[in-house]
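Think of it as A, B, C and D in the order they're written, each chain with its own count starting at 1.
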């Protein structure tokens, strides 16, 4: 066994724990199951202790972390389930299938809770846009998300995309899904009731992903990954669509006691987790699992074949359950039953091959990893942008940013996604947050994904606070009150003290921002080992924020809606070029300190903006993020096809005013008569309000710094990504 | 020179299109069918190369573009 | 019995995928390629029929389901 | 007026069509499961968009053998009103209820966006509420909308006024630049000889409420309702 546990990625200590827990040596199948369930990917052994500091509760949180997805109450008997997940390594091996099955997995997490999936978002990180590898991966990932999501009839309504050389070998493919349900339909991944049937629904089992996700996601990525290729999972969105409909019908008819999707570690994981959550045991007859090809018991246990679900059903409902599945053309097979005690017993043609306490599989070890502040920080933080020589032609500089890979329009991406199906999308991609109406009510949801990892690299604590604040700000600019968020934490190898320090600081930043802004964290995902050849990606926490718009008529987008409106800037602009996109694109540097964040001012700016929107004063709103206020103004002009003439009175250097990424700012438009009220609202919260000028004309003019035709800016923004990807 | 390339899903890799087609054939009464797999049939013309060169070049095209070696097998036929 | 079906775009019918592939091959430096057409390569197993029956049945499958006569031609090969 | 929205495994716009008929048109509507064999109780059948059978093999190729399709064919032969939207259009083509076939978009990827459509024939059950030449702004969302047909049939379609909608510029000009998918003659929607069967790639149900950005799709629903009530 000695070589075997090592080969399976278990440590000697972990192996001894297993022997102690069992009171005997595990057999090969059992050992394989422990190795998967105790892998970083499934057990969160390095992150669990750190994540404990996140605030997860609020009066409206119906389900926090620990289930397949978080669930919040949005009133009127309705609830919203959402979660974000990573599919980084599989996507680096096979971008189309990796991204496609990523969508498949996160969507299952949502309908597993009893919710109908209503939207997906896809935060993506790629390497150098000039490299052929990036173009190949980009094309494959976008096509995979489109291929799978479009087929399901779930609109992909948002996301974000950054290009940075740090992701050259380790791209990030994070996916978020949101679902809606009546509060009563909430169901958990629990097995209950001795004698109840364990039913496997969906696709037949094959050798997909054997040693796949869990092993891939728990090891660094290098040449060896080539050998792992045959285990790639192939997605079948058609079967997934049938599963959604069948499961929602089963739940509506109240025929299920528990429902769990099969993800990493397949049947092993689904059975042990449902049994452990319900405090029961389970007996599985493995030969009953429908197979695509001949397989060993061990392979069946850990196969990651997609589009499968595990349901717990009372015997009296069995016939009806099988009937519903039959109607949808899905296979449904009883593979076992719930038993007394807490043992997971697995049989192969009557012979017992596994007998372990389910809870010991489901709750692996917990590590407190050593952390140490990495050395690079002093160096990058000591950089002072004021020593730089800035370009003279600021109009050209703005155009350069507009056509740069990180700031140009993402239209070519979202137009490949069906972002309209289900008839809920009332603010389309391209604004700050996407807005989804909730039919049958006056309400709507605003959703946004954010995470500028350059800030996090330069200051993990502050950078992660900014990610939370920015995500909330995007929701606010769209008229929503932020309610709760999910997240995906993409980091390097946690066994390295420098990486673990980044992780700890990032989570501390997230927790502090969440607590201050009163935003519970209801679900999330950790992806470690995003490294190749010893080099880690930037620490990349991604936030997925969900907000509620009480009256959908108050939804907001970024477009300057008409001529003759006052253009105002909420919030203060400081000399903060550190970590900016300007610094990166124009000077090729990722250095300095990220912009400051004063959470009190952030909250003040957000509530001012929301109040202004609710009172009908604010007619368009856009938060300022990468590229600063100049880029924000340009986006407002392009979105509405309306120019603006602005006079700025500032002590700052023009580049600083234009391109600093100071936080807690919104560009808004309003009618003249709304100004006094907005001034009062802002003043009461200590938020600066500066009127910059008026909308109108077909140019954006700012002092004698910027003078550009809206049509030209628009053309540059819109053509850039396609041109970059053509190479 | 006429060349044909046959690309098919690797053994063991899920082939949803094949499965759906099998189901449809059965429901149309073609009960004798037991397994369907759907791949690509690519034909092309090559100019100014002999059969041996063609073989090597097409092999390379398959590896680089026409097939996805992670999930697909391919074979090449030169018709001359 | 193993059967292969080759479905290809009809002569004169536009083949966007074939054209795009030709373009990509050229840009990868495969200048000798002059025409690419992409169709389907379908393989299946038939049980309990002889070659002659198989031929007729597969012909029928093609006409009814596997190919669309408006845009596609097909040919059948029985391997026995 | 009673609508039936036909649901195939993999359809995904059936709820959208149902919603518009029920909540916007305020007409009666049922889902019709693909295994049903009697559709005689409906005044209009809607074959919605989506990915029936995953679009595997060819879009619409498998769905057209669903039991309901024989009933749909009988219904159409008897003059019943049938509209196929997107995948529904593809199914009607595969079933031979409309002529022609769909190839992949020339750009080789899925496109979801608003397009402009010129109404080429405004005296059909589906367009009588429009004026000839009127431009409608309605979204498309498909991978295979590149309509093709043999030259003889194309001429027939043209001569008989059976080309109902063509992709155009906002000012109504029909040109190559305004063709999103390569469709022959910019065809976005056609009818059968009796004009009772209509197939179109754009999604009128996505442009039937102001909150979604356009109500131009209502032209089609209002036309068919007017036709049914004898005013069309």
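General observations
As a convention for this text, a contact is a pair of C-beta atoms (placed from the backbone, for glycine too) under 8 Å apart; a residue touches a chain by one contact, two chains touch by 3 or more.
The structure displayed is predicted, hence computed values, not measured ones.
The chain pair with the larger count of C-beta pairs in contact, out of A-D and C-D, is A-D.
The geometric centre of chain B is 34 Å away from that of chain D, both derived from CA atoms. Averaging Cα coordinates per chain places chain C and chain D 29 Å apart. Inter-chain spacing, taken between the CA centroids of chain A and chain C, is 41 Å.
For chain B, the set of residues touching two or more other chains reads 16, 20-21, 23-24, 28, 38. Under the contact definition stated at the top, the residues of chain D that touch 2 or more other chains are 53-54, 56-57, 61-62, 65.
Under the contact definition stated at the top, the residues of chain A that touch 2 or more other chains are 236, 238-239, 329. If touching chains are joined by edges, the resulting network of the protein chains shown has some other shape, matching none of path, cycle, star or complete graph. Those residues of chain D that touch chain A in the complex are listed here as 9-10, 12-13, 15-16, 19-20, 23, 49-51, 53-56, 109-113, 139, 141, 143, 203, 205-206, 209, 211-213. In the complex of the two chains, the chain B residues touching chain D come out as 16-17, 20-21, 23-24, 27-28, 38. Taken together, the chain B residues at the contact with chain A in this complex read 10, 12-16, 19-20, 23, 68-71. Interface residues of chain B, counted against chain C in their complex, comprise 6-8, 18, 21-22, 24-25, 28, 30, 32-49, 54, 57, 60-61, 64-66. Across the complex, chain D meets chain C through its residues 57-58, 61-62, 65, 94, 100-101, 103-106, 108, 146, 148-150, 182.
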